[in-house]
Amino acid sequence: MNRDKIVMSVTAVLLLTVPFWAGYVGGYTDLASRVLIYALAAMGLNLLLGFTGGLSFGHAAYFGLGAYGTGLMLDYETSNTLLALLVGTLTGGLAALMLGPIAVRRRGIYFSMITIAIGQMFYFIAVRWNSVTGGEDGLTGFSRQPVFGLPLNSTQFYYMVLFFFIVGALLLWTILNSPLGHTFVAIRENQKRLTFLGIRVDRYVALSFAISGLVCALAGGLNALLDNFASPDDLRYTLSGDFLIIAVLGGMRNFWGPLVGAAIFVLVQNYVSAITQNWMTVIGLVFVLSVIFFPLGVLGFFRRRSET
Amino acid sequence: MLLDVIFNAFNGLIVGSFYALMAIGLSLILGLNGVINFAHGGFMALAAYFAFTLVPYVGFWGALIIAPLLAGAVGYAVEQLIIRRLYLRDPLYSLLATFGLALIMQDLMRTIWGAQGLPLAIPDFLNQPVSEVYFFVTGYRIFVVALAILSTGALFAVLRYTRLGVRIRAGNADLETIAALGVNIYLLRSANFVLGIMFAGLAGILAAGQLGLTPTMGDSLIMPSFVAIVVGGVGSLLGSLLGGLIIGVASGITTAFYPAASEVVIYLIMGVMLIVRPRGLFGQEGLFE
Amino acid sequence: MNLLQLKNVSRRFGALTALNNISLSVEQGELRAVIGPNGAGKTTLFNLISGFFPPSDGEILFEGAPIGAVNPAALVKKGIIRTFQITEVFLSLTVYENLRVAVETAMGLNIRPWISRGLRAAINRRVDELMDIVNIAPKAHRIVGEMSHGDQRVVEVGIALSRQPKLLLLDEPTAGMGDEETNHMTGLIRSLNKAQKISILFIEHDMNIVFGVADRITVLDNGTMLAEGNAAEIAANPRVQSAYLGAAA
């Protein structure tokens, strides 16, 4: 237990001071923002995946909706960054709320396929609806505006991302330690038992779906603000796959797993693409090797070792 | 206008044949190996690239036969090295592993053959249109549709009448039991996987003849292939064939009227099918409901 | 008072008649065993009573009201709780966590993303209470998936108890258990019936348990009811002897 507290404290200190040390390790502040954003998205996804047991392969849809929602708001409607972020988050969350009940009508592989279909639909809408979304070229023409009079350079924006990361994590933590969260986990463990205790399992899975979509959308909005750009790639199934591998890599059954996974994934992607043309092969190998040798993820692996 | 619709519908039929062939392979692998093979598009492209390299030496027909076999060999290696370790696990893992494999394959193909599009030479006599009015109905395209139907029929015959086929069908129903009956399920799973890959390979070569080759050609075909399986019904060969053709034609017709929706319509069809008749056209009832 | 009544109940699956014209009643506070050879229809009977599917003919009454067409979730609310032949618990969770979910569900709190400290304490108290009733408290923080089969079954009974059942259906509660575990389970069943005053209907194959524990016994064979009575009556019944116990006479 003590060791856990030490690790948590060290991590917290590191996260709070990133802008000061990022340069010394060959990184940069925006990279850390990306890690937190992907971590948040993966934590949102993991509520559904690791804790409720629902394999969604289309969660980038909500991420992307958050990105486009935020971007479009800033582009056309407002110069209030926080308001734009709120609208983007709610857009993605609302979509997840409405589409979840459709997806949960079926179980197992069919559930996953519906989530793929939803993701693909949004992707193609973004690609085709040129006039609104900018099509393949993406949505430009907006940038993050000063918040409370403070212009958002990389460092300032990093702290904003950190703030929302903590908010999102706190939300998820509270839920997971509540009767609702206990119900989600029980669904993962044994749906049949819960049904025979009188629970409408599909309703709860839909709720988990909605909350996870909301958190993903928040991450997506932050992502758009990071890049001052949104594109169909934010909705693509390949990004959904990235979030999945991040969750698995870090440890699906662990609350902080996605943070560890995101750090590894983003950093590997960043450094490898700087060294070689074949970074995609490396990422692919990460997928394959972690699934075969590290199914419990990094944190799961360490937890096992400490228990024996 | 009508000609326009027919033109697009026919194009859709061709693309649908590619979807169908992919879907059949995917369905085989999903059924017996229990794996959602995201690398199916990669194998499809790989076979096309093999064909491209072989054509100068053995001609189109030679390549059409040899390339799928080569892709199948790669499939065998993949099954032994990667897929085999994931059989007893949650489907999530094989999905992610094959997803990663797809990334690797795409990157390697790009490295070896380059990122630009390449053409696949098809025999001249197939390139002729069969009619003045319906200029778009070339011999090659008829060949594609015919081959799709024929190979499905051949597979059906194999599954019905050969020992391998019977074992595959039995294994689909209950792998444990046939293992207990002395069937070498390891070999069976490998054979089944290779068979599925060869169908992808066939799709790849035919598609390359029509659309040319790029390292990303698998991407645009894999998702609709999943849809084809769902629409046609998991576990049904005829379902995969018809599912692929139907969504291909539907997408084609949509292109004639409202091009922007030509991809979305595929997923809408799947969504509607999953809500109205989740087993698909010919699937078994109760699966995953 | 009749808690459960089956009147001329039959259940068919296509051409197969699993249960044929069964009439029986279970009284409040009774401890009733259902026995019979494999395929006699015992689990079908349980499935009918717990709402898995409706009867093909006849009616089922619980506390006087018909329940034939009611779904399992609603029957749980009415107080009919069952356990399964294959233990259905939450394997990667601890005993405590298993029961906590059950208690929170029984209290209708599943939807709450946050609860007060007072409620948390109430939940903990109830979980402790349940663990004491089934006598599993010393193992509260062990992971259920790593426990013995017998212990898992006890946890399952604990989960069932969280709903304060009026009628508890135990499907082969001692299946796969060694002597010591069997004793524990039969002791538990007796105590639930006598001390907690729960009406219990259980399927069992072990005759010692049946004769030693049950107030009354219902014998099924091939979908029909062969006999009904207390231990002495059943043991002496010649039809039961030849069909099930092995004709000695």
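Each chain carries a letter (A, B and C) given by its place in the written order, and its residues are counted from 1.
Keep in mind that, in the parts below, a contact is a pair of C-beta atoms (placed from the backbone, for glycine too) under 8 Å apart; a residue touches a chain by one contact, two chains touch by 3 or more.
Predicted, not measured: the structure shown is a model, and the values here were computed from it.
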- Message: Treating subunit A as absent and keeping all other coordinates fixed, how do the remaining chains group by touch?
- Response: B | C
- Message: From the C-alpha centres, identify the chain that is farthest from subunit B.
- Response: C
- Note on the structure: More Cb-Cb contact pairs, comparing A-B against A-C, go to A-B
- When you take the mean of every protein CA atom shown, which chain's own CA mean is nearest to it? A
- Message: Can you compute the centre-to-centre distance for subunit B and subunit C, using the mean CA position of each chain? Integer Å is fine.
- Response: 50
- Between subunit A and subunit B, centroid-to-centroid distance (C-alpha), Å: 32
- Item | Computed distance of Cα centres, subunit C from subunit A, in Å | 44
- Residues in subunit B with touches to at least two other chains are numbered none
- Partner subunit B, residues of subunit A touching it in the complex: 49, 55, 57, 102, 105-114, 116-118, 120-121, 124-125, 128-129, 237, 241, 244-245, 248, 277-278, 280-281, 283-288, 291-292, 295
- Message: Going by the contact rule set out above, which residues of subunit C touch subunit A in the complex?
- Response: 50, 72-74, 76-77, 81-82, 88-93, 97, 100-102, 104-106, 109-115, 159, 162-163
- Residue positions on subunit A within touch of subunit C in the complex are 174-175, 178-183, 185-186, 189-190, 192-200, 204, 207, 253
- Could you pull out which subunit B residues touch subunit A in their complex? 30, 36, 82, 85-86, 89, 91-97, 99-108, 111, 223, 226-227, 230, 234, 260-261, 263-264, 267-268, 270-271, 274-275, 278, 288-289
